[in-house]
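Once you've had a glance at the structure underneath, I'll fire off some questions.
For reference, chains read A, B, C, D and E in written order, and residue numbers begin at 1 within each chain.
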Amino acid sequence: MLWLISLLLLTVMASMVRVVVGPTRADRLLAIQLFGTAGTAVLLMMAYLWGQPALIDAALIIALLAAVITSALVQFLRREHHD
Amino acid sequence: MNWALLSLALPLLSAFWVLLVRRAVSETILFATLVSLTAALAAFYQVQSDPVQTLLLGDWTLPLAIRFELTSLNALLMVLTATIHFLVGLYNRFSRHGSGRYSDYWPLSAVLHSALVALWLSRDLFNWYVTLELLTLVAVALVTLSGPKAYRAALGYLVLSLIASLFYLLGVALLYGEYGVLDLDRLSALAVDSANTRLALLLMVLGLMLKAALWPLYLWLPDAHANAPTAVSALLSALVVKGPLFILWLTLTQIAPVEFAQQLGLIFALFGSVALLSGAWSALRTPYLKTLVAYSTVAQLGYALITLGLLLRWQTPELATALWLFVIAHALAKVSAFLAAGEMQATFGSKELIAVRGASQSMPLAMFAFAVAGGSLIGLPPSGGFLAKWILLQPLFAEPAHWPWALAILLGTLASAAYVFRVVALAFDRYDVETELPQTDALAQWLSLLPALVVWGLALISQPLMLWLSTGANP
Amino acid sequence: MIEFTAILAWPFLLAGAFFFIAGTLGVLRFPDIYSRLHAVTKADTLGLGLTVIGLGLLSGSLRTTLLMILVWLLVMASGATACQLLARYERERPQVEDENGGR
Amino acid sequence: MAVVDWVYDGLLALLVLGLAAGALYSLSLYRAVVFYIALGLVLALVWARLGAPDLALAEAAIGAGLTGVLLLSALKHQPNKARLMGWPWLPGLTGIAILLLLIMMVKAVWGLPQGMAAVGQAALLAVPESGVEHPVTAVLLNFRAWDTLLEVLVVLLALLALRQLTLPDETFPDAWPLLLAWSRLLAPLSLLLGIYLLWRGADAPGGAFQSGALIAAGLLMLRLVGLSPALPWSRFGVRLSILIGPTIFLLAAMATASLGAGWLAFPPDWSKALILLIEVAATTSIAISLALLVGSDSRELNQ
Amino acid sequence: MTEFQLFLGLGLLLFLLGVHGLVLSEHTIRRLIAINVSGGGVFLVMVSLASRGDSVDPVMQALVVTGLVVAVSATAFALRLGSALTRAESSDREGDH
């Protein structure tokens, strides 16, 4: 299981390249979205592995807040173009 | 102890109340401060019969609980805090240049009062971190009261304060990692001389020095204190920078290994000497009145730093009496100096120093207040400032090897005399006949004189005062 | 019985990891933002779903499984919405600014 | 430790380091902010790894979520390109200094002993007497309740400080229908999840702060799309809900000091109820204060 | 070396990097990111110290929760103060013209 988690961390790390190269802002945010999904998967695995059900709650929060952040960003970016 | 707790809780409760109902704001806060002052006096009276009172919060046992300790020193500091808060509040309420009866100055100053009392009472390293953060935020909020022109200074102050808190917190974490406790007494009993302890203390010292604006980490202070509203400058200079100093003194005297404390002490004493001169030099050169007073705080903190340094260097706890006398005398004198300076600045409508030319005729009371406060800052006998300096100088004169320090202090005295006279001389200059006499506010000037009179009055009770400080300061 | 579900669970977990890798490769290799959006939101959501099934089989507790399915539903909805929102933002964005200049 | 542990810990550490470097040294501010948000997420994973689920929850809600929204919203008012400081030799020189400092610090802390701290052991022993079953909640709301009171006060103070500022206007474009529908779903969900966390706090990881932060995020979501009603300071109800947490906490402290065993010493029979009351009040205050701290309108507070 | 030492060292490094970033930048948002990175480092030190025993030290965890809340409040206020400052200075400049 730990190997699996490590593998997911590796994919996360690779996707960080997108944050650096972009080219658009949406691309960079996309990496966060991916990160949120992979992070929830990692937390769920940890929750099972160490018998910590609270980590499922943490996964839930991350999933929720990744959504909030994406929506917030879209609003913020649109606002900039409006002015 | 219950009186002390009352003195702690009342300002806070009154702040919540006025924020909620928004009626009779200034009156409520002033009244609560007065009651809090009475409670602090009662606590002080109580502590005379029972010198060291401890309270374990939540009734848990020690290493778990947060500990409060009441000694005659912190009872006195509580009285000082309440007195200054009350006097500044009076000025702010009745001066035409105050912040108004409904402004947020009132609840904020009340929270400041409570945060300081919490700091004086606590003996827990992490609890101090939270009180320090609270103090920082209140202080920044108070600075921003004077509007957009103060934002830059406020932001600079906040950023530096935040990073300073992190230094302190990291130090606390490392101490906790080594000894597993947060209580000051427990740490004092357990602490040994190890690399980790030294590192932790060094981090804490850096953070606290930045927060207390001790030389060379003082650069944020003049801007922040000079740009704040007058009443706020008085509170900040008189009280807020003393909080971190208190923690610095307690942690270093209680936890620091002797050898390390001695090394630090030497550095402190050297820094203090430099602070005396460089602060005075900047005060002599600045073109603005309130900035001059703010730089004088930097210089005066130099005395405290020298005293703390020598105390650590020679491991002589008796010097703590001088340290806290300095703090008390400086607090009272600085309140007067800032209130008088602010009143003059507002009346003449210019923040330039040059505007006070002839003030001895147009605003004699405010000028008198400034001069009287300045006298204590210089250390003229028989003011409180003189008393502190005298206690410090006695052991210095006793041994020839210590004369260089005495020389530094005397030089500092001369320098502070120079900047005080810079203002006074200008005020006695010929008044320009053609300009109209500005509308002055006699009551506000009287209110600015009050704290200065108190600091000279300290001389009357010098004997018991020294006794209280020496019993309280040597736990 | 436990043994059996455990054996059943692993293919799901591995398949989940495979889809995560596929999604990341898509993000790195696909040529434009719209196809990258698809890569992330479809492949990763699927990967998470398979992982949830695998973990649910392993844990065998109904409450845990339900919670995990809730997480998955949330991520799925969030992915779909984010995909739409970002795509629409990209389409409507004024194309004047220089996006390669280190923004 | 097995190889896999090292791979896994090493990957986490590398991620933290890389993201921190990205957040600190990216030339574009936007990129730095995105890196910082990602760093918050990884830190949540690290807390989970180190066995601190309470922190994983708090970091996910506060560190990654709220701070992320906060930084993104601040971006507008600042020029995007921000150069690092001028002198070319400075980064290299300070970099070397950092390295030396790190070596010294690591050497100093290397010998720290294994095993749990005395206070931690005492806390675990005292949990049964605290009125709640979850140790972290017991520490926060009973053993070190005074810290927590001051901390709630810090949140209030930040809001009071914000009230003094003349802020720039915050107006948002009309939200797309999809976004509107989505936020209508997300906001109640975060409220629900917040209440769930608060309720679990007594016997499992969770509690007032995590819950408050989550509810605040929900409120913010509504605010961004223009669904949230204004919460003006001039309204009594708003002030009451902001002040209720610290007030009830302080009143409890004063009541226990004058009637009971001492300042913040909750009587055993009552402690569970008292803690619950304080937690609910504190959550309300924290949620509304944080939402206003991050997303208040320019005129909402200054009245 | 154990994992507690790995994360302890990482925390110290993060703290120093944050300080480094703070010294090098003069931009409000950058400075606050740097402070928060530093803060993350301090919290990492605290949690790694907490995880030394068989079970995790609840007191240290509680302290970190407190620290997180304090940090987010202060950061929020500082960022808004930065925005207000930018606005005040740009309106000053317009006033000069």
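One rule holds in what follows: a residue touches a chain if its C-beta (ideal position, glycine included) is under 8 Å from a C-beta of that chain, and two chains touch if they have at least 3 such contacts.
Note that the structure is predicted; figures quoted are calculated from it, not measured.
Think of each touching pair as a link: the shortest run of links from chain A to chain C has 1 of them. Each chain gets a centre from the mean of its Cα atoms; the one farthest from the centre of chain D is B. Computed from the mean C-alpha positions, the centre of chain A lies at a distance of 21 Å from the centre of chain E. Distance between chain D and chain E, defined via averaged C-alpha coordinates, is recorded as 12 Å. Per-chain CA centroids place chain B at a distance of 57 Å from chain C.
Looking at chain A, residues 12, 22, 25, 29, 31, 36, 53, 57, 60, 64, 67, 71, 74, 78 sit in touch with two or more other chains. Looking at chain C, residues 74, 77, 81, 85, 103 sit in touch with two or more other chains. Taken residue by residue, chain D touches two or more other chains at 5, 30-31, 51, 54, 75, 105, 109, 112-113, 116-117, 119-120, 123, 143-144, 147, 151, 154, 157-158, 161, 165-166, 179, 182, 189, whereas all remaining positions touch fewer. The set of touching chain pairs reads A-C, A-D, B-D, B-E, C-D, D-E, using the touch definition from the header.
Interface residues of chain E, counted against chain B in their complex, comprise 15, 18-19, 22, 28, 31-32, 35, 38-39, 41-42, 45-46, 49, 60, 63, 66-67, 70, 73-74, 77-78, 81-82, 84-85, 88, 92.
Put simply, chain B touches chain E in their complex at residues 126, 129-130, 133, 136-137, 140, 144, 148-149, 151-152, 154-155, 158-159, 162-163, 166, 169-170, 173-174, 176-177. Looking at the complex, you find that chain D touches chain A at residues 4-5, 7-8, 11-12, 14-15, 18-19, 22, 30-31, 34-35, 37-38, 41-42, 44-45, 48-49, 51, 53-54, 56-57, 60-61, 64-65, 68-69, 72-73, 75-76, 171-173, 175, 179, 182-183, 186, 189-190, 193, 196-197, 200, 204-206, 210, 214, 217-218, 220-221, 224-225. For chain E in complex with chain D, the touching residues are 2-10, 12-14, 16-21, 23-30, 32-34, 36-37, 40, 43-44, 47-66, 68-70, 72-77, 79-84, 86-88. Taken together, the chain A residues at the contact with chain D in this complex read 2-3, 5-6, 9-10, 12-13, 16, 19-20, 22, 25, 28-29, 31-32, 35-36, 39, 42-43, 46, 50, 52-55, 57-58, 60-62, 64-65, 67-69, 71-76, 78-80, 82.
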